Amino acid sequence: MTHPDDHTEPPSEFALEVRALESLLVEKGVIDPAALDELIDAYEHRVGPRNGAHLVARAWTDPAFADALLDDATAAAASVGIGGLQGEHLVAVANTPEVHNLVVCTLCSCYPWPVLGLPPAWYKSAPYRARAVADPRSVLAAFGTHLADDVEVQVWDSTSEIRYLVTPMRPAGTDGWSTGELETLVTRNSMIGVEPARSPQAAA
Amino acid sequence: MTHPDDHTEPPSEFALEVRALESLLVEKGVIDPAALDELIDAYEHRVGPRNGAHLVARAWTDPAFADALLDDATAAAASVGIGGLQGEHLVAVANTPEVHNLVVCTLCSCYPWPVLGLPPAWYKSAPYRARAVADPRSVLAAFGTHLADDVEVQVWDSTSEIRYLVTPMRPAGTDGWSTGELETLVTRNSMIGVEPARSPQAAA
Amino acid sequence: MNGLHDVGGMHGLGRLVPDTGDEAVFGSRSQARVFALTIAAGALGRWSLDASRHARERLGAVDQLRLGYFERWLAGLTLQLRESGVVTADELASGNADGPAPEEVVARRLTAERAGRAVERGRRSDLEAASAPRFTPGQRVRVRPHATPGQTRAVRYAQGRFGEVRVHHGCHVFPDRNARGERVGEHLYGVAFDARELWGGSATGHTVHVDLWEPYLEEAP
Amino acid sequence: MNGLHDVGGMHGLGRLVPDTGDEAVFGSRSQARVFALTIAAGALGRWSLDASRHARERLGAVDQLRLGYFERWLAGLTLQLRESGVVTADELASGNADGPAPEEVVARRLTAERAGRAVERGRRSDLEAASAPRFTPGQRVRVRPHATPGQTRAVRYAQGRFGEVRVHHGCHVFPDRNARGERVGEHLYGVAFDARELWGGSATGHTVHVDLWEPYLEEAP
């Protein structure tokens, strides 16, 4: 269920409708195009998964920060200047050798914007939302992630304003890496829970 | 959610697909067009709601038959030569001043063919199937049927091969009417349960 | 399967449009042919009625909403003809038979005479019971949670809910297995549910009766 | 409402298509504008986030499947603008303003500076609790059946099912009333459900955590 919208030339009906509505709202005096530019710029250039990767890498290298993140992720993130819209109530859930976590919003597309940015298309799609709660292992398999049978899967359905962040396990072979180096291994998908963090080999 | 299909000229895609499939199956030797004609003729001309109306009118005039119909509708119908495909296991449910019955098939379109013929479009539609079980009074209202608050509504969802037939209440002002005359008051919709039987005034 | 055919209680499906009762049995000649083709192809004995229902359900959510009723029947029938090997994908694409169907299939072709008899006689779905019924009228039961991709008649709106057994209908062919070609019987019960148990406290006071097979049910604590 | 937005556990919705992680934030400039228009129009204070979700849900089942993600946002936003009277149906049809919006609406127009602050600060949804929480971690609860046409976050797949309260999140704005313009708090709990209680005995062994407000829950017997 992906849909074309305005990738065509000449402009699609969707593109024309969007332009018409923006123009009407500007004319009504209720929308300032500069605010739209600012919002788009924020999520295209400032707020994205590098924020979450920083929190995770920091937790990998600083046990006190790891504890703080699991205890109160909103406060821990704020302590390093991360927070805001759609992340007012953050909860971090940690993958371990025994437990694997997966985040979904079955009702819409709730997602922790300040740490991950805006959600990818698949996260918003009906097939992901439908299957993540009923058959999470098949979802993980679609991403090439195969867990041992004895790993317990915990699925978090974001039905409230609580936003969930998965902290993946630190990959082997990263002893002595700096926080900045470790951040490069922490993918967006690993913080949703569909993949592990990258191995140093894969990142090389 | 009604859909045009082959009402257009030239033939619609649907009409062309149907013709192509029939032609292929005839060529394969697995379909005899005469059998198709026979099946269509049966439900266009022989099997329809007049059968059910006959059972209901007979129950109105013959208390022993009414008891037999409620006790074992399949046997009672067979005793007057009515029965067959999609009516192998008939159950009759009687409307009374205290109880009103309504029949639906939420999963598909199960319907008692030998007594009512094939189902109308609205019976097969998603809005009817969705609302009949959750809000039957609003469904009745859509058909202009308004029950007193103290009438108990019983909804029968045809999830098995049991097929349900509602026997509406005999209208006032029909004393001394023959079974044949009474049959004219028993509408298809009254035997699904969305309307009462016709009054003599409405039928006049 | 937990699909969009299972619409009991859903909102947002559009307006209910009553009729006058005077409309034609079929909306068009093509609809009539699809109806008859479905019955006649079913008489070949390659699949059960439950398999046909499941074929239509497997069309997916988009087609459940996009296609008209007999368009879904046509799509389901086409799927079954192909899956059963009665016709090949190539034959469907070209519209031309590569050769006749196997003799044992052709031998079961429905004639006009047999069609007339099938309409008059039908085929009962009750079977001899292999065991005593587990539940009795008056007993409180819960519908088991059940969400496999296969065929089932355990409507979603009743799953996990508590009801009361009202009647034992005998032992009937079990759809979940019949759709896979296994014609076995299970005890079938008429179960009554209070509307508030299904739809919450604001529901109007009514009762919904659902026919449910024994494997769908468990004793209420 | 019991609509097609509530897809948890449904089959037949198509294939899951993973990505590489390198795609653009927005699929097109139009998608980006719809996203920003929705946030900026929300800042006018005429409706809540829950009302916006409900507006998109109210589009109906056909549009849930037919429209793309930001097409639904556009349709939901247009519906809210019209229903709230910020623009009229005539203005939407013509594309031309009959006049400026009322002063009190224009006064809340989001500036670039306020937009930047909104992104950085957000708005918490927790409130002072007026009463003590009714449930405690470790307690077994049942999700109440609930099928009104209004907004709710009581996912359908958990209704009627038994779970265990794991955490009390405090008192949070209650969506069912917030969507109608009443910003009141209710206690919010993280409730854990065994997959077999949700999907039946053949489900893989996993746990689903759902955040549920106190009015959605009742004590398990």
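Lettered A, B, C and D in written order, each chain numbered from 1.
Operating definition for what follows: a contact is a pair of C-beta atoms (placed from the backbone, for glycine too) under 8 Å apart; a residue touches a chain by one contact, two chains touch by 3 or more.
Because the structure is a prediction, the values reported are computed rather than measured.
If you take chain B and chain D together, the chains in touch with both are C. Averaging Cα atoms per chain gives one point for each, and the point farthest from that of chain D is the centre of B. Measuring from the averaged C-alpha position of chain C to that of chain D gives a distance of 34 Å. Look at where the CA atoms of chain A average out and do the same for chain B: the two points lie 53 Å apart. Distance between chain centres (mean CA atoms), chain B to chain C: 17 Å.
Annotation: 41 Å between the Cα-based centres of chain A and chain C. In chain B, the residues that reach two or more other chains under the touch definition are 1, 126, 134.
Among the residues of chain D, those in touch with two or more other chains are 2, 9-11, 13-14, 61-62, 65, 147, 198-199, 203. Those residues of chain D lying in contact with chain C across their complex are 1-4, 9-14, 57-62, 64-65, 144-149, 159-161, 196-203, 221.
Contact residues on chain D toward chain A in their complex (touch as defined above): 5-11, 13-19, 21, 23, 25-37, 39-41, 44, 53, 56, 65, 67-71, 74, 77-78, 81, 86-87, 91-92, 95-97, 100-101, 105-106, 109-116, 118-126, 153-155, 157, 169, 172-173, 175, 188, 190, 195, 198-199, 203-213. Interface of chain B with chain C (complex): residues 1-7, 12, 14-15, 17-25, 27-32, 34-40, 42-44, 46-48, 83-89, 106-109, 114, 117-118, 120-122, 124-131, 133-137, 139, 142-143, 152-162, 187-189, 194.
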